[in-house]
Amino acid sequence: MSNTKHFQPLLMNPYPRFSDIATFMRLPVVRDDDPRINDVEIGLFGVPFDQGVTNRSGPRHGPRQIRDQSSLMRRAHRVHGIYPYDLANVADLGDSPTNPADLMDSIARIEDFATRLSARGTLPLAAGGDHLISLPLIRGVAKKHGPVGMVHFDSHSDTWDEYFGGYKYTHGTPFRRAIEEGILDPKRTIQIGIRGGLYDLADNEWAESQGVRIIYIEEFFEIGVEGVIAEAHRVAGSGATYISFDVDGIDPTYTPGTGTPEVGGYTPAQAQQMLRGLKGLNLVGADVVEVSPPFDQTGNTALVAATLMFEILCLLAMQVGAAKGR
Amino acid sequence: MSNTKHFQPLLMNPYPRFSDIATFMRLPVVRDDDPRINDVEIGLFGVPFDQGVTNRSGPRHGPRQIRDQSSLMRRAHRVHGIYPYDLANVADLGDSPTNPADLMDSIARIEDFATRLSARGTLPLAAGGDHLISLPLIRGVAKKHGPVGMVHFDSHSDTWDEYFGGYKYTHGTPFRRAIEEGILDPKRTIQIGIRGGLYDLADNEWAESQGVRIIYIEEFFEIGVEGVIAEAHRVAGSGATYISFDVDGIDPTYTPGTGTPEVGGYTPAQAQQMLRGLKGLNLVGADVVEVSPPFDQTGNTALVAATLMFEILCLLAMQVGAAKGR
Amino acid sequence: MSNTKHFQPLLMNPYPRFSDIATFMRLPVVRDDDPRINDVEIGLFGVPFDQGVTNRSGPRHGPRQIRDQSSLMRRAHRVHGIYPYDLANVADLGDSPTNPADLMDSIARIEDFATRLSARGTLPLAAGGDHLISLPLIRGVAKKHGPVGMVHFDSHSDTWDEYFGGYKYTHGTPFRRAIEEGILDPKRTIQIGIRGGLYDLADNEWAESQGVRIIYIEEFFEIGVEGVIAEAHRVAGSGATYISFDVDGIDPTYTPGTGTPEVGGYTPAQAQQMLRGLKGLNLVGADVVEVSPPFDQTGNTALVAATLMFEILCLLAMQVGAAKGR
Amino acid sequence: MSNTKHFQPLLMNPYPRFSDIATFMRLPVVRDDDPRINDVEIGLFGVPFDQGVTNRSGPRHGPRQIRDQSSLMRRAHRVHGIYPYDLANVADLGDSPTNPADLMDSIARIEDFATRLSARGTLPLAAGGDHLISLPLIRGVAKKHGPVGMVHFDSHSDTWDEYFGGYKYTHGTPFRRAIEEGILDPKRTIQIGIRGGLYDLADNEWAESQGVRIIYIEEFFEIGVEGVIAEAHRVAGSGATYISFDVDGIDPTYTPGTGTPEVGGYTPAQAQQMLRGLKGLNLVGADVVEVSPPFDQTGNTALVAATLMFEILCLLAMQVGAAKGR
Amino acid sequence: MSNTKHFQPLLMNPYPRFSDIATFMRLPVVRDDDPRINDVEIGLFGVPFDQGVTNRSGPRHGPRQIRDQSSLMRRAHRVHGIYPYDLANVADLGDSPTNPADLMDSIARIEDFATRLSARGTLPLAAGGDHLISLPLIRGVAKKHGPVGMVHFDSHSDTWDEYFGGYKYTHGTPFRRAIEEGILDPKRTIQIGIRGGLYDLADNEWAESQGVRIIYIEEFFEIGVEGVIAEAHRVAGSGATYISFDVDGIDPTYTPGTGTPEVGGYTPAQAQQMLRGLKGLNLVGADVVEVSPPFDQTGNTALVAATLMFEILCLLAMQVGAAKGR
Amino acid sequence: MSNTKHFQPLLMNPYPRFSDIATFMRLPVVRDDDPRINDVEIGLFGVPFDQGVTNRSGPRHGPRQIRDQSSLMRRAHRVHGIYPYDLANVADLGDSPTNPADLMDSIARIEDFATRLSARGTLPLAAGGDHLISLPLIRGVAKKHGPVGMVHFDSHSDTWDEYFGGYKYTHGTPFRRAIEEGILDPKRTIQIGIRGGLYDLADNEWAESQGVRIIYIEEFFEIGVEGVIAEAHRVAGSGATYISFDVDGIDPTYTPGTGTPEVGGYTPAQAQQMLRGLKGLNLVGADVVEVSPPFDQTGNTALVAATLMFEILCLLAMQVGAAKGR
């Protein structure tokens, strides 16, 4: 039984899981003007943004649908054998401000949100939004922790240089920018599940030349979940590490609600196993991105995303719990 | 411009309407343990309940989808020329407790919720849930105001006696029970849009024998919106009056997400006009019921329901504002 | 209360309306080898056929979805004030045989089915299937009753001569063939709701030259339901008359599950009123066609179709009841 | 070629598979008042019930959609090399009575249905309905065969004690009740695929303390289909055994139409292989449950369920055929 | 029969309407580098842009879905009694360039496209895209024709000043900008169907102060189609006039695939009648905007849009034909 | 970087991938009357035909949806390390003529289209349409190359003899006919993934007696992708070989938009790996068939199909490039 005074999800009695306002994991909402904000150790929040999308639009609607589906999560993680909400104080922080009329202003607002959050010592766990949100989020994290390593699940490297004739800020470029800005350490970055056609055979050369470790899907099928886990630990090491999970890393049958699906990925079960294997990394933040509800009105994609968020939440909670001696 | 200190919906800047946690009309959430609860003059809440459904299940999921769609509502009502949130203090109260394993216990929990709300002087505006919820809600209202009259939009009279061999509590019986309990005054009750096949040609005889005024859809087509409005004022008079809006009163093309659709109803525009015409009644509470999201994953049914809730909210706010001299 | 020994729909207790095998109106199934087949006065059956479709496929799946939705129908018709199942012996006859590999053989199988049915004195009420099925059905009816008049609801005249270079049997040609075959009397035929673009401005000239009375949608909006009813009685007169209802006569918002939608039609409520106004015609059979479930997985189109079938069923039952002195 | 006089599915000629009334596997319907009822050796039937659902509603609509999709099944099982309908007399028995207004009365009606069926010597193969139906079904079976063992496919153990403050009958408790009632032998019970978050880390302790063998999904991935089959035979042994297949045992991408999906399960192909491996058990009945059509209007979930039913049907038919020397 | 040498839609034989590449109205594609481009009198094209959307994203996908659905259009307009493709040379010009990474660059690209088109003397008929595209389109038209009047169908006035704190280019501001730029004559502008809640009761004051004639939906219901037509002719007069049709002017049940639906609009049939009534205006261009396919995967919204485009196309063709003496 | 003068897909700048007319892979359209037709080395085209379907209709709509989804493909194949459009001249040829009113005439039109294409030396890569199209396509190919071998991905052998009482041309018979006609060499034919129930245990005996190598799904699971590839090379050898890919070979969860789904197939990733392994065969044409958009409005099935077409296109391009020394 859970036994601490931390925030806890709404109980099923008298509030069945289909009921009440949809917050992440049915947790309380704690906003900036709430005095409890300083006690939040892990902050779940949405980043309703899709101005970086170069193809099918929609991830601005992601956070809401993930919140809705996250009611299916429960309080204990059987495999880890823990109650995450007893190990850390976790809350739903609402959404980051954005500005649908100005991409760069949205980025600035997200960075500002992330910076304040890091300054308070809260570990960020964001629900996107398109993948460009990782850039301002990592900026916020890096202000506190310095350059971070990254475990990056995706079907795309997202290290293109520019789009549409010189445009440098899209959901295909966040990690090129982050490496250039010196806030992401390419030598401590691993990308898992990269696949799909290319615009140019040299598309991923820049990333590899910087030292990024790319596990293409063919290698994934070869070395399997265990091999990936070992490699992720080897690459990320003990330094500050960020997890970024683009749901298009998973096969689009499982996550059809996304903008740039690439046939032939891993399964959610394999994703869960890989995430569980990341226990022990030195995590400083995470995001789950590219859920585009208009392309999956059933909510199944968001259910997968909520499940991944719960897995990452448990990693963060175990880390917090260990640090706090709980 | 809005100019009072009442609760206001979240502003579009920096929170675009697709963003943040979905509450009714983007209003603040005020729960029982919040000291501001006593200032709430109009309380929006969900009743996630469908144990009264005799046919297609699903309305337990209604409140959430209505909350989501209600983000499309705005702050001013052009036709009435008002800012409802300046006229009354309005908040989202969360959901009423329910118990999916015991119909009668759910009814008790809803009645308890409604009773406390009335006791605090808050006008209830509920989002269902199936139509059986009107029974405990009216019980709560009647404890404060005595027997109420009702303007009831529906394709069914919901005054059947029993189902399945002696069962008296289903979504087809709430108003029979309410009349029997003496909390609903049949002579001050008007039902608008009744249609569809019958189990028995005498199905509606009991209601009519009690004095209920039924406007069948054929009469609606004949006397039109204006005729209905006049008749509603005549029947309801100046006594305490409850509005109950079953979305299946509207043609199911507009509101397909419902459990017992009956082809051939009025349009949402006509419903809006009828509701606007109810200005001046002495309202003590209202509900919008039978939104069943699994049967309309597009959310359009819930959008209609949110729009109807906004119309009713404005009626209530004008009444509160007038009483308070705002 | 119902009081005869005729077939009755399955009762809601102990079989709620969502339960049990989906037959038309929850009626018993009576097949050719069942001795009760000779007592069936009105036979509901499916014609799962779409080989006549020139555009979007799918109506072969119509009968099943209509059966499923028809569970929402009840036992009494309030406006007519009757219990149709007490006035006539009505059953679900199953589906007509068809042959998806040979259009002409399907037509022959349907004609054979209709002929046997007419021979037994059963009034046919078919659920299509594309509109070409009306040709073999009218053949069957005409064998018993001679050339029939027709009240035809549709957005298309379906009197084209040929398609694709000389092909004479498609869902755009049944009534040209029927007139040529002398089994449909064009002077006693009225078409209601015709609209949409044309291949050729002369498309409907042949029909009009034969004496068919076409009420284009513009005239419908002008003369209204009452005007149409009067005209239908004038045209069809007292002779044997067939009702053919193509759901694309209705606006496609109400009936999106159809192959050749034409924006801008009448509503289901208007269709119901027109059908009710046909009381008193000398009916010999009817069909409701062009429901294409793959284009409306929600089932709403089929619900409209089931409702129209119930309206027609009541017309037929009143006629049978009057003839039999019930 | 099939060569016996048992009931056979409707032939494709002249009734193509998309045609005619949707019964399980296109088999004849044989109800209680049909003299042939006593010859039915394997009875397929629906249990349209979802009053035990604690979260997303809908399985009351399961049996119909499974019937519809089951038309895609054929007459021979290639891997077993058999014609099941030649080995046993199989029929669709229609649905069990239920009562949507009273959970306990529904349970009683289902038990009564199952008891009569067992008394006639018919092996039950039910389509749910939520998982609580297994309780009255096993009661019926146990009256004839005594306490049964069980091979249970699921993502949940369904051995919780109570919900919502003391309520003991939900779809999360059937097997706790069955063990307590002495009709299910926990030591001969194996559960396959259990996963997902927990309310309490001790959630499954009671079951394990009773001797239930739980194969969590992690063990499934480790020992594989062959390992599970061996273990199932070891646990169930030669005693009377029931198969209960909750479609949420399968990954929700394959079976999204269910109420409590848990990401990360096995595939339908693996499920088929496991079921085929159960050949040789001493089977006394089975169910396939938790298909919730409103959450999957495409019908794919029901197609999987129909396929599983066909697999189980073949197991039962081989057993009957062997016993009867066919 | 059609008798000129102008471009004609692909014939149904041997290319049935469901077949071949989806172009607008099945017309040939004529691009800038095609010498026939100079002969195009009416140019249909897409503007795949939704960077001006302040709420639900998606209209960038509009042009494709409209092209797909436009295959249901035919060659003759029965009510006007014309063959539009014989009266004018009409082609599909492909899409305007856009830049999803830079709103202002997209606007510049669209303006450039429209300018070249006008310079060639081609009348533009655009498929959006969100409503902001009207600004660069009118810029292009005004370069040739000077300031234009406008008949504007919509539920919103789209004359807000700014969003999100000073941002002037969104789909809520195009006509404010156009009036300020002097390319849209407010005194010759009429807006039809305005409704919905407001952010501020003064939202539409600026437009009205400039002389824009707003017909709110209440007035529409009062004066009807005929009243609106008369008023549109009075306001627009004989000067150069642009038609802009936002599909959210229509009730969202008919056009659910849009980003800012407002319950309670006119029907597509009424829209058709209003458009037909605009015959005789001096038209210089038109657009149909705000079709958002992700919110209506059925394609019905796009079918309405294609139908509206066909109506406008006929108006333009009659005007061209009259000018050219065809 | 791409460096030849062959046809290239539309560039993302200034035409983002969601924009412009949907052609296969965004390639130029080259029709029969275009002088460039003779330079096309690989011709992509649609065959919008479903008259051979014996169960669920719809594949006539396949080519359009595949074209739409194929915009997600890119220009380079990472695993092969090639730019296919530099190795061969590839174009979209539009659709083959068909005749929805006459199955045999459709077959003749398709054969004629394929024959002209082969005569010009263009390698055909068709998007179906139901599987019967393979017959006329192979006829066209065989006229140039003589009898072909085949690598056939499917869940059905499609070598039935007849349906519905003597009908020999359905989507279940194409390869029986092709073998009988001597245009398909059974000894060089391999079928991969066959599964599902059978009508008769002898269903596949004829094929096997002719020498066809059938890899049932059980064997696939046993020998895996590598085993299948080896066997395919062994069977097809160095002779002219055709690839036919029925998307129902894949598990229906990944490709639900198909008419005869069989639960329990391989994944798209496995399909990609198998196709890549076919490099080196002597290919003369290919098709991807049985995509039925009405059964998957999300487009995911078509996305898989487009991905498979891109894989096959690369095989063909490598072969052409090698032959031409590019």
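For reference, chains read A, B, C, D, E and F in written order, and residue numbers begin at 1 within each chain.
Methods note: a contact is a pair of C-beta atoms (placed from the backbone, for glycine too) under 8 Å apart; a residue touches a chain by one contact, two chains touch by 3 or more.
Keep in mind that what you see is a predicted model, and the values were worked out from it rather than measured.
Engineer: Over half of the contact pairs shared by residue number: find the pair among C-F, B-D or A-F that meets that against C-E.
Structural biologist: Match found for C-E within C-F, B-D or A-F: A-F.
Engineer: Given that subunit B and subunit C are copies and touch, would you call their interface same or different according to whether over half of its residue numbers are shared?
Structural biologist: different
Engineer: Could you please state the distance in Å, as a whole number, between where the Cα atoms of subunit A are centred and where those of subunit B are centred?
Structural biologist: Once rounded, the distance between the two centres reads 40 Å.
Engineer: I need the residues of subunit E touching at least two other chains; which ones are they?
Structural biologist: Only 13-14, 16, 18, 54, 56, 60-61, 99-100, 163-165, 253, 295, 297-298 qualify.
Engineer: Can the chain contact pattern be summarised as a line, a ring, a star, a complete graph, or none of these (other)?
Structural biologist: Contact map by chain: other.
Engineer: For this structure, enumerate the chain pairs that meet the touch criterion.
Structural biologist: A-B, A-D, A-E, A-F, B-C, B-D, B-E, C-D, C-E, C-F, D-F, E-F
Engineer: Would you mind writing out the residues of subunit A in touch with subunit F in their complex?
Structural biologist: 54-56, 163-165, 195-203, 216-218, 221, 251-253, 256, 260-261, 263-265, 295-296
Engineer: Show me the residue ranges of subunit F that touch subunit E in the complex, using the header's touch definition.
Structural biologist: 13-16, 18-23, 29, 46, 48, 60-61, 63-64, 67-68, 92, 94-95, 97-100, 109, 297-298
Engineer: Write out the stretch or stretches of subunit A touching subunit E in their complex.
Structural biologist: 50-54, 56-58, 60-61, 99-103, 105, 163-165, 167, 169-170, 292, 294-295, 297
Engineer: Taking the touch rule as given, give the residues of subunit E at its contact with subunit C in the complex, in rising order.
Structural biologist: By the definition above, subunit E touches subunit C via 1, 12-14, 16-18, 72-79, 81, 83, 253-254, 267-269, 272-273, 298, 300, 303-304, 307, 310.
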